[in-house]
Amino acid sequence: MTKDSDYISKRKFMEELGRYRKGSITRRHFLNVTGLGAATAVMGAAMPGLRPSPAFAGGNIGDRVVIATWPNYHDPSNFEAFTEATGAHVQVNVFGSNEEMLAKLQAGASGWDVYVPTNYTISTYVDEGLIEPLDTSKLSNYDASAFDARYAEAGSVDGTLYAVPKNWGSTGMAVNTAHNGGKPISSWKEFFDISRDKFSGRAMVHDYQLTTIGSALNYFGYSFNSVDEAELADAEKLLIDVKPHLFAITSDYQPSMRNGDAWLTICWSGDGKQLNTDMPEIHYVLGAEGGEIWSDYYAIPKNAPHKDAAYALINFLMDPTVNTKEVLAHGYPTADARTFALLPDDLKNDPILFPAQELLSPLEFGAAATLTDPNRAELMARFKSA
Amino acid sequence: MEIRGYIGDASPVNNKVIAELRGVSKRFGDVLAASDLNLSIVEGEFLSFLGPSGCGKTTALRMLAGFEVPTEGEVLLDGKVVNDLDAYHRPVNMVFQQYALFPHMTVAQNIGYGLRQVRPRLPKAHIAEKVSKALDVVQLNGFDDRRIWEMSGGQQQRVALARAIVNEPKLLLLDEPMAALDRKLRKEMQIELQNLQRKLGITFVLVTHDQEEALSMSDRICVMRDGRIVQIGSPQELYDQPNSRYVADFVGTSNFFDGKITDQDGTLTSVLLDNGLTMQGKPVGQLGKGQQVCVSVRPEQMKLHRQGEGLNVVVQNRIFLGEHTEYLVMHETLGEFLVLSPRQSEPDNGPFNAGDDLLVSWASDTALIFDNI
Amino acid sequence: MTQRTRNWLLLAPAGTWFLVMLIIPLSVVLIFSFGERAPAGGVVPAFTFEQYANLPARWTAFKNTMTLAPIGTLSALLIAYPLAYFLAVKVDPKWRTILLVLVIVPFWTSILIRSYAWIFLLGGRGIPALLEWFGIEGVRLINTPFAVLIGIIYGYLPLMVFPIYVSLDKLDKRLLEASSDLGAKPWRTFLQITLPLSIPGIATGCMLVFILLMGEYLIPAMLGGGKVFFVGNALVDLFLQSRNWAYGSAVAVTLVVVMLITVTIYMRLINRLGANRDDVSIM
């Protein structure tokens, strides 16, 4: 299903992304070709009154809606279509981490109408009173029964629905099998052991305490989410022992994997898919001991200035045909069975995007406490400055 | 040390030539700054390069100093060709136009700078002694530890001088050293420099555009124009026997009357002026009948009187100069010119006043006739 | 309007700016630094020295900063000085403007993009591959302190070049002729005249680079592979990752204090050097 809109196909996007990561094209070219430039264009067009506002069945929702989301996480043509249908222009703010998002909302007056929090942050938003309970009557395209509960349950806190699922993914590892006799590795134990041995100077961990400390905890068979002091002490010892052998501590690991400087990294499934598509020798695997599984949600901040538009946008993106285009654009799996059904077979059967159930079962969702635990933050700082 | 006796043409008899320019030219891109300079500088003399700005005098000096390499010809010091010898190897020192004193050093440090560059190193005490003597010579005792910016213009000039002479150079080059001083101070420094030169016996080469300065200080003057040497001679020679209208004009003041040669007999030549008058004078150089020339008469050779022979003039303006009085007079066809009268030579009924109808005359052999270029 | 009112009006924009952009934020940071971390991140008001007591936990970050900042400044100076000297003294004036512009041209692109270029150059397919081609194998550049140093020199060079260039350009070139005329060979002229007289430019350049380097975080993060940890990186982590604003503020206040002390000592040294400029050879 690569019948395109005005924008380029998924395959083309991936190719262009790959070329950009390899550094063979300029950033500007990348933005132009991929239509990410259009995201800026949408923002540019967000000047009210510059375009006629077509009538919208749901009534007048205003001339704009602001969304805070992650990089390369939408199909810009969907936003265009939304504007066509409602007259509201979509303004996109891109973020690098949940922490940044939280910090911005905590500081107040973000100006966002819709944002895309990850599962483990939602209860914190509720506790801080920063998030609006959702009125499902305004979300006709949301069908709770269509969603795998695993990826939807974090959206509800104490029985109240605050967020609806967007996409999900896992955190595993990417390994360049060419340097390991064609063999992938299969566990966090192997990950940290080979990093200190054959892959010394070639392995990377995230500049992100949740996944890096979590993986180190998995090495010992502990929970990814552990905040137990003794267990964290073990993880710290391991990390500090590994550090001199690491190629880098970074969350921007694709370039080094692609140019061959690094052979092994902690990896999110979307990146794993992209790497594997361009360089089949790079395998994405889930750790046998466990690891992270995550799910992103759409939510509305309490002080959203354009709430009607926010509901309209979320509802629009929940439409299975629209959502299918989203998935084709960014390559992350969806928890919506209706959308899944519309995906091409090769995607449905992709072992990276939709791993077998038995591989997923040891994975854990990140917990709110994991993210906010001060000891884990300090551990990460000690590790980085060691 | 008296070598005043030497009045120069370029081939001295008894005196040692210390520096020489032989067919030296210097080109900067398309500009010929100096062209075929030939000059011998004699040990102990005070020589000046005189000319307007852009005449090549500074270029000549800089080639002696070693800052410029001649495009053609040879520069000799002490009989050796030094074209390729760097400035820091030449036994020559310079006093720069704005003095170029080192602002981060004291007076004493500035003066001792050259001595500190000597290798093998001179003993500190020796340097201190020489610096102290140099300060003595330029009358700046006690100023050792002063900062340069604490010194007046005249004092700075003395420091610059001391900084140069302390090295006992074979040649002391002075590039318009008095240009930044006021008139009174300049007069004082001129005398001082002259005395200093006599006392030290160092050869001085001065560059100036100020004829008065050159005339009052130099043993010999080298007048330059458009990169060429026009005339070399003692101040008196240049004044009395200029070889061209240019020198007559630049050295001292002169009145010029343009005309054409009509007759040459014996020592005097007759010139028919453009206004129909005829004048006589001594020809300078090879001049032929019918040639366009000018008659040059120094103002002090002219005499004003109420009766007798002469041209009829009206006094326009009178400037009292003490011993002399300068009159600007007007002739109906010759126009305005200057007459300089010594006070005692003025007749009983002088001095004359503006508006007086007078006669002016001069001895024909005091008038010089130059090719009119 | 009286002279006094006019003076106040003239000062108003700068004064307001100073207040809004410097005094107020600094006060906020100072107040935060005595607070405590809120459970979900951020800060709750308190009056405790706990954050300051905890400073030794960031000792390495301070140590790295206080090591690499001076080394980076010195390296930038050693490379910038000959360049500035060439531009101010040696180069044909008609090329000077173009060459000066070339020095700034890299500033027209964001440091982020330029750092990516360096990531490529220093990475396995860049310079190490070239060295391999010449038979030098196994050179690792990217994600080392050396790579960070290169990034620092590259990023801060213009800030060092310009003040030195200005001081050398202002230098009266006749002083150099005078020195040569007095028998000093070129190298001695440089040591005794050019260098001492360009000290103001050197001092300014070093100060600019040093102060900015103390707060640097992007270059170590990008070219150090996250393994070279500056105070700046510690601050980014504390504010954006672990959101411990109280502790972050304490670290920030400490950085400002360290900077003030360093700069004061530095100024004292420079002033003394200026006052003692009679000691002709400073080398």
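Order of writing sets the labels: A, B and C. Residues in every chain begin at 1.
By definition in this document, a contact is a pair of C-beta atoms (placed from the backbone, for glycine too) under 8 Å apart; a residue touches a chain by one contact, two chains touch by 3 or more.
From a predicted model like this one, the values you see are computed outputs, not experimental measurements.
Viewed as a contact network, the protein chains form an open path, each link joining two chains that touch. The greatest centre-to-centre distance from chain C, using averaged C-alpha positions, is reached by B.
Each chain gets one centre point, the mean of its Cα atoms, and the points for chain A and chain C are 36 Å apart.
Chain centres here are Cα means. That of chain B falls 56 Å from that of chain C.
One inter-chain figure worth recording: chain A and chain B are separated by 89 Å, centre to centre, where each centre is the mean of the chain's CA atoms.
Residues 23, 27, 97, 99-100, 102-103, 106, 124, 127-128, 201, 204, 207-209, 243, 246-250, 255-256, 259-261, 372, 374, 377-378, 380-382, 384-386 of chain A touch chain C in their complex.
Put simply, chain C touches chain B in their complex at residues 172, 174-175, 177-186, 188, 192-193, 196-197, 277-278, 280.
Chain C meets chain A in the complex at residues 37, 39-42, 57-58, 60-61, 64, 113, 116, 119-120, 123-125, 140, 142-143, 221, 225-227, 229, 233-234, 237-244. For chain B in complex with chain C, the touching residues are 65-67, 86-89, 92-94, 96-98, 100-106, 109, 113-114, 116-118, 163-164, 167.
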